[in-house]
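Going by the order they are written in, the chains are A, B, C and D; count residues from 1 in each one.
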Amino acid sequence: MNANTVNATSTANATSTANAAIGAGAPLGKHEMAALVARDIPRGAFVNLGIGQPTLVADHLPADSGVVLHTENGMLNMGPAAKEGEIDPDLTNAGKVPVTELPGAAYFHHADSFAMMRGGHLDICVLGAFQVSGRGDLANWHTGAPDAIPAVGGAMDLAIGAKKVFVMMTLFAKDGSPKLVPECTYPLTGLGCVDRVYTDLAVFDVTPEGVKATATFGVTVEELAERLEVPLLTA
Amino acid sequence: MTVRLCAHADEAVAGIEDGSTVLVGGFGMAGMPVELIDALIRQGAKDLTVVSNNAGNGDTGLAALLAEGRVRKVICSFPRQTDSWVFDELYRSGRIELEVVPQGNLAERIRAAGAGIGAFYCPTGAGTLLAEGKETREIDGRTYVLEYPIKGDVALIGAHRADRMGNLVYRRTARNFGPVMATAATTVIAQVREIVETGSLDPEAVVTPSIYVDRVVQEAQRA
Amino acid sequence: MNANTVNATSTANATSTANAAIGAGAPLGKHEMAALVARDIPRGAFVNLGIGQPTLVADHLPADSGVVLHTENGMLNMGPAAKEGEIDPDLTNAGKVPVTELPGAAYFHHADSFAMMRGGHLDICVLGAFQVSGRGDLANWHTGAPDAIPAVGGAMDLAIGAKKVFVMMTLFAKDGSPKLVPECTYPLTGLGCVDRVYTDLAVFDVTPEGVKATATFGVTVEELAERLEVPLLTA
Amino acid sequence: MTVRLCAHADEAVAGIEDGSTVLVGGFGMAGMPVELIDALIRQGAKDLTVVSNNAGNGDTGLAALLAEGRVRKVICSFPRQTDSWVFDELYRSGRIELEVVPQGNLAERIRAAGAGIGAFYCPTGAGTLLAEGKETREIDGRTYVLEYPIKGDVALIGAHRADRMGNLVYRRTARNFGPVMATAATTVIAQVREIVETGSLDPEAVVTPSIYVDRVVQEAQRA
């Protein structure tokens, strides 16, 4: 099960991030966001990186981080994407991309893999999102469009299973609407499950007291507060 | 009873009846029992319910079975993919039913069927669209959704090796749904790359014991 | 899962047993009872033999029977008891007696082992009993004595899990009271779970219509009917 | 997080608190974490609830822990054995609580705790003394009993080998309760015969992945 040290360690990391970054610099690109997430993952953590942008986090983990990657299709200690010549059709990640195996890997079947997720054994999972609410509700599986074919995969299992759920997303949609919202308008993936949101403009902690910006990039907290309907905690 | 070692995939799928619920292993192509699905297409059973993680890709395999109009309903976690045009067209034109199930609930409901569990309370999906209309219960302050087993008449799975008794081992992430599906169907049919002598698999590493396996066929491309 | 052929095959066997034995011979000893059970186990069946007398059945299975023995502490294709020099403390049966491994064996953990039992995958289990009722209720775990320390082990799981449950017992207790009864007076192990009862004096099938003696040993069905309160079907 | 490789069993059991629920692996002596139990006796935690298949044999191991009056309650399937005189005496004199659970329910309830299942409907024991007072439900014409998870604060298990990351393999029927108990406790402590280099266990044959294991100690008699 592993001791409950994620919280303490990653909060400490985030605080130092915040001190360095509040109001500083420019908006982050997706690789910078991934680097930031990677920096907040404690040594030796068991982590699931969702399909899409979260996968980039792996590229920013230090070689000696000891972080163990889980893929929900039945593996722990997954290695990087397979290069030409390494491709094994029996070895893919959850996005069906060929990957590799690190020493100390273990394989297990789907029910065991999702028991591991649902049972709260993963320290962190990192997911993309359409929307996150101020209460930590997550919407990332369905746009709600009437003609959309619903497809959920493992998103709901990850959302409610991991000890900590980190979201990576741009803060605003292409139409300019915020994706951090008082109430999700898209169908939910999980209720009250998000702990922290990494965006191009800021990092937010979702706490029982409310949402707090712990770092901003190229904007001030005041400017953000003006553009968001979710109230931001100050101090 | 004793496993049947089949000479050909057509022999392995013989007798699958119209209206059957068919569990189909695989996650993407890993563990997908391609030759068994092709044999099922030839075999002709229709009005099927297919339980699988996806709903077919491209124009072959499950997609081809769907394209023939042989599947009444799909129970899966992720039908929509870049190359799921066969399913997409059937679904949009109202010619196929869909039950979307979170991936872990799919695995656990299949396991429950194999393990004789009548139903279970699961936190996944609570408060979402996919739990609408389902019974819920608060346990220790958390909301759980009551989920029922998914049992198959037939399971078609891909494994790496079988011994002559029907013990199965898988390889890497191709294991995925195979082991739970093997516990949850009346008739379990496995496609393997190699059939080895009994006694040559490590008893500590057997993932699906022979008790679960009814028919085994070695892949033709390797036979 | 395996085809549902046990029923047909074993019924056929039992019928031939019955034809040969009704009203014939003398009461059976425990080895003769075990031999009779062994004869009714179809080739290739997956079988759990309960602790105690049922274990003797293994000695009477033909070498080429293909019968696969399950032990609930996590093994299929268990071999005979270990002889001197073969004893491995990591390899025992459910009675904690050192046993051996046959080619094609498989090991699994306790939850998987009992899932196999509860899920109806075993063709036959053979159990001892204090009492069996005419409806197939089984009492074999608790005498009901007020000072008895309750201990159930895997008895309830076996009773309700296997496709067919065979009981081996003497027909009468030491005090002369019948153990095949209209209603069990001892605490139940499982309801309506017993399919066939092998005793020293007769073999009984428990059917939805009632109890039928399919073979008797040294007594007649009429004599048995007189000594039992459970009505016996005739013809 | 990263597993701790302990130099001694006393280090491995450090910090177990009074009032803890302790899952103890093993079936008979197979898989019994004898050195961890002895260390727990030295360690001193009291008012424990012990979850294990049996309730101690002879005068050593679990029986010795019981004899010291350190166990408030035992949850097990089979307390009564020819050599369970320590438990028998405590029970008959009303100095220990007992919850008898059918062996499969014990395993499945522990699994449920590890798998995040809130409760499950199980047919085992329906209509018997052991289901008295429990909620039941008819599903498809069969009666099921509602069973709740059993979670541990600590699990003490015996395995065959660990690698330096904490992946575990077992040997033969000594596997028994270890793998499910390893999923169901806040702190999982494994006693193994040998600690091997990471990468030397077959990833297909790892039974308990490292994620479940917090502390590992090699048996002193083999160190």
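Going forward, a contact is a pair of C-beta atoms (placed from the backbone, for glycine too) under 8 Å apart; a residue touches a chain by one contact, two chains touch by 3 or more.
Values in this document were obtained by computation on a predicted structure and should not be read as measured data.
A.B. asks: Going by average Cα coordinates, which chain is farthest removed from subunit A?
C.D. replies: C
A.B. asks: Considering A-D alongside C-D, which chain pair is linked by more C-beta pairs in contact?
C.D. replies: Between the chain pairs C-D and A-D, C-D carries more contacts.
A.B. asks: Go ahead and note the Å separation of the Cα centroids belonging to subunit A and subunit B.
C.D. replies: Centre separation, subunit A to subunit B: 30 Å.
A.B. asks: With centres defined as the mean C-alpha position, give me the subunit A-subunit D separation in Å.
C.D. replies: Between these chains, centre-to-centre, one finds 34 Å.
A.B. asks: Suppose each chain is reduced to the average of its Cα coordinates; what separation in Å results between subunit A and subunit C?
C.D. replies: Computed from C-alpha means, the inter-chain centre distance equals 55 Å.
A.B. asks: Which residues of subunit D are in contact with two or more other chains?
C.D. replies: Residues 108, 111, 115-117, 122-123, 170-172, 203-204, 207.
A.B. asks: Could you check subunit A for residues that touch two or more other chains and list them?
C.D. replies: 101, 107-108, 115, 117-118, 161
A.B. asks: Determine which chains touch and list them pairwise.
C.D. replies: So the chains that touch one another pair up as A-B, A-D, B-C, B-D, C-D.
A.B. asks: For subunit C, which residues count as touching subunit D in their complex?
C.D. replies: It is residues 71-75, 88-92, 96, 101, 107-111, 113-115, 117-118, 142, 147-157, 160-161, 187-191 of subunit C that touch subunit D.
A.B. asks: Touching residues of subunit C toward subunit B in the complex: what are they?
C.D. replies: 1-3, 5-6, 42-46, 66, 68, 70, 76-77, 101, 103-108, 115-123, 161
A.B. asks: Please name which positions on subunit D make contact with subunit A in the complex.
C.D. replies: Within the complex, subunit D touches subunit A at residues 1-2, 111, 113-117, 163-165, 167, 183, 185-188, 198-199, 201, 203-204, 206, 209-212, 214.
A.B. asks: Show which residues of subunit D lie in contact with subunit C when the two form their complex.
C.D. replies: Interface residues on subunit D, with respect to subunit C: 27-31, 77-81, 87-88, 91-92, 98, 100-108, 110-111, 122-130, 160, 170-180, 207.
A.B. asks: Applying the document's contact rule, which stretches of subunit B touch subunit D when the two form their complex?
C.D. replies: 108, 112, 115-123, 137, 139-140, 142, 144, 148, 169-172, 202-205, 207
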